[in-house]
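In the two complexes below, chain A is the common chain; its partner is chain B in one and chain C in the other.
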Partner chain A sequence: MDLQVEIMEQDEETAVLAAAGEVDAYTAPKLKEALLPLTKKENFLVKVDLKDVSYMDSTGLGVFISALKSTKENNSSMKLVHLQDRVLRLFEITGLIEIMDIEWGANG
Partner chain B sequence: MDAIDIQEDSYKDLLKLYIDTEDEKALYGAEKISKSFIKQGITPEEIVNLHIQSLQEMYDDMPQAYLRGLDFLLETMISYGLALQEYQTLREKQLEIKSELKIAAGMQKTLLATTVPVVENLQIGVVSVAAHQMNGDYHHFITGKNGDIGIALADVRGKGIPAALCMSMIKYAMDSLPEDTMGPNKILKNLNRVVEKNVDPSMFITMFYAQYFPQTSKFLFSSAGHEPGFYYHGDTKNFEELKTKGLVLGVTSETDYPEYERTIKEGDMIVLLTDGVTECRYGDNFLSREEVLEVIQQHMHLPAQEMAEKVYKHFERLQNFHLRDDFTLIILKK
Partner chain C sequence: MKQEFDFVEIRIPAKAEYVGMARLSMSGIASRMGFLYEDIEDLKVAISEAITNAVTHAYREEPGEVTIGFGIYSNRLEVMVADRGGSFRLEDIKEKIGPYRHDEPIENLREGGFGLFLIDALMDKVEISNDHGVIVLMTKFLSEAEVDVSDDQISAT
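The block that comes next holds the complex of A and B.
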């Protein structure tokens, strides 16, 4: 299955990046290409909407880890929203949920 | 037809035979000849050229228009000839890489070799299989001075060569830790520092580390974001998920790993695994952890090693004998 990545909204201070599909070794570069540049702007907030991401593997987690490191270097921030259970579980097991700004469920 | 000589002459003969008789044997011969042409590196335009010459020898009265047409075909074939050469170079390079990989895989095997310790009253079963030539899973047993057993199980993000290189780093970092018995939380904290300094920002490692004390049956463990294992309580016949907190290795140096403790009683069992087991995908389906547990239950009456092998065989069959991810399963049974 493929992955679609699209910037839904963007202004001076924030952007919403929506991903849909599966994030794995083949599709993760696409996500990385869209996400990393947004984390390099100082004081910028990027929200990643994962509502339509049904599957993610460790390569996908790797993209978010490097994005998190980039936010720290560039004084920007990242928030992950609307995670499906299967994807959320990965962030829980790996302990990333403790250090990343994550909201899940329909109201997240 | 078997006696066909793979020379240009035989091409001419076969062509003539076919033109005169439409004999299928000639077509079969053409198929064989084309294979031998490929072997000898003869390019498509050379074959077209041979074809033109053969026709000219056979017929004096070839229409000019037809000959020009064949010349045109010859020109069109030139790029195919170049592509063929490129393909052959790539094939040679690929063979080279393959043999290098084979050597590297052998080295990794030697480097990561570990002996399953013999412990009184505790059976240990292990299966670890790489999806590709190099294994991104790592497991290691250490017997401490006081007879305590250290059990390390790790999984590097990704597969193949980068994962294997990273694994070697873990192995060296483990070897360089001080001999005196360090608890699981300290070991993970130390390794985290090494990994964090030395890996690419998108790389990380999950790791489970446990220490077992045979005299007291105490089992201490910590986890760095590793796939949770299972603890089977023999008295209540219940499986418990070994839930732990602790961040994967390599994300930030500022992190601590809580330590947990169980006392292994007679009839208890511990199942440790990597996500190659739980992320097992067959067709379009994912295996749920409940299903993994079912397979484990089906085989838990067996001795630990046999049980681990049977469970592996089950998942191998499920994925049509083609593993997508490295697979490691460790069973401890009392």
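The block that comes next holds the complex of A and C.
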């Protein structure tokens, strides 16, 4: 019931942030702390790899909403990749799938 | 007629680090009842949302407890989450509680976020009482297939 967050790759224009574990009220601040600074660089693309995130609730959605707002303010972009079905489902139910750049499954 | 049910109650400190523990309890009870994987995952999100609400809104300044009750029926699971530490009687609470209406103001229950919306979407029935703290009562029914499975098991023994 923990969350690991790690920057896997980073260059001038992009970064891949990989998260693994469960995102809930306890662990969401950790994700936010790692993700938000990456959204504050102009023309920067941050990919969040959620392949190993087995659980997420609205606290996680809240982090991505904050991050999305930050990308709009800072002219950067964010893409969520490799979402597991259960996690993807929350983005579908809430309609966030319409406003976020999301790729899921093996091809994401 | 009164329906028979088992009741499990746990009390946790109103702190975010205990949400995961409650989720494990939920998972154990739901799988014992024969809920399918998908339903168990829905239940885990719903209970986490209710507890997160209680932790973040009810106890911003002073420490407190969250009481969680599981009413285990043959055809459904009722989960109660109360942001006041005291124990509760299932029947008493059910009398006081009304259905959640989409037009009623819920500002005092949550500020932004999708917590209550998700509970509503993932559970079959959601009721909320605001009289003494906030109490969320949510119900998930076993699907007919799941009930049939447990019936078979009972008749086989």
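The rule is simple: the second predicted complex is superposed on the first by the 108 of 108 C-alpha atoms of A that agree within 3 Å, B and C clash if a C-alpha of one lies under 4 Å from a C-alpha of the other, contacts with A are read in each partner's own complex, and residues count from 1 in each chain.
The working rule: a contact is a pair of C-beta atoms (placed from the backbone, for glycine too) under 8 Å apart; a residue touches a chain by one contact, two chains touch by 3 or more.
All values reported here derive from a predicted model rather than from experimental measurement.
Enquirer: Should chain B and chain C be called a clash or a fit once both complexes are overlaid on chain A?
Expert: Once both complexes are aligned on chain A, chain B and chain C clash.
Enquirer: Using the touch definition from the top, say if A:Leu68 reaches chain B (first), chain C (second), both or neither.
Expert: A:Leu68: touches chain B, not chain C.
Enquirer: Would you check which partner chain A:Asp24 touches, where first means chain B only, second means chain C only, and both and neither mean what they say?
Expert: In the superposition, A:Asp24 contacts chain C only.
Enquirer: As a test of reading the superposition: which chain, chain B or chain C, is in touch with more residues of chain A?
Expert: B
Enquirer: State whether A:Ser77 touches chain B only (first), chain C only (second), both chains, or neither.
Expert: After superposition on chain A, A:Ser77 lies in contact with neither partner.
Enquirer: Which partner chains sit in contact with A:Thr94 here, chain B, chain C, both or neither? Use first/second/both/neither.
Expert: A:Thr94 sits against chain B and chain C alike.
Enquirer: Determine, under the contact definition given at the top, whether A:Thr14 touches first (chain B), second (chain C), both, or neither.
Expert: neither
Enquirer: Any idea which of 132-140, 186-194, 240-248 or 258-266 of chain B is the one running into chain C?
Expert: 132-140
Enquirer: Do chain B and chain C touch any of the same residues on chain A, and if so, which?
Expert: Shared contact residues on chain A (touching chain B in one complex, chain C in the other): 25, 55, 57-59, 61-62, 86, 93-94.
Enquirer: Mind pulling up the chain A residues that touch chain B in the complex?
Expert: 25, 32, 55, 57-59, 61-63, 65-66, 68-70, 86, 93-96, 98-99
Enquirer: For the complex, which residues does chain A have touching chain C?
Expert: Its residues touching chain C are 1, 22, 24-26, 55, 57-59, 61-62, 86, 90, 93-94.
Enquirer: Help me check something: in the complex, which residues belonging to chain C touch chain A?
Expert: 16-17, 19-21, 23-24, 41, 44-45, 48-49, 51-52, 55-56, 112-115, 117-118, 121-122
Enquirer: Using the touch definition from the top, list the residues of chain B that touch chain A in their complex.
Expert: Interface residues on the chain B side: 157-159, 200-204, 206, 224-228, 245-248, 250-252, 255, 275, 279, 286.
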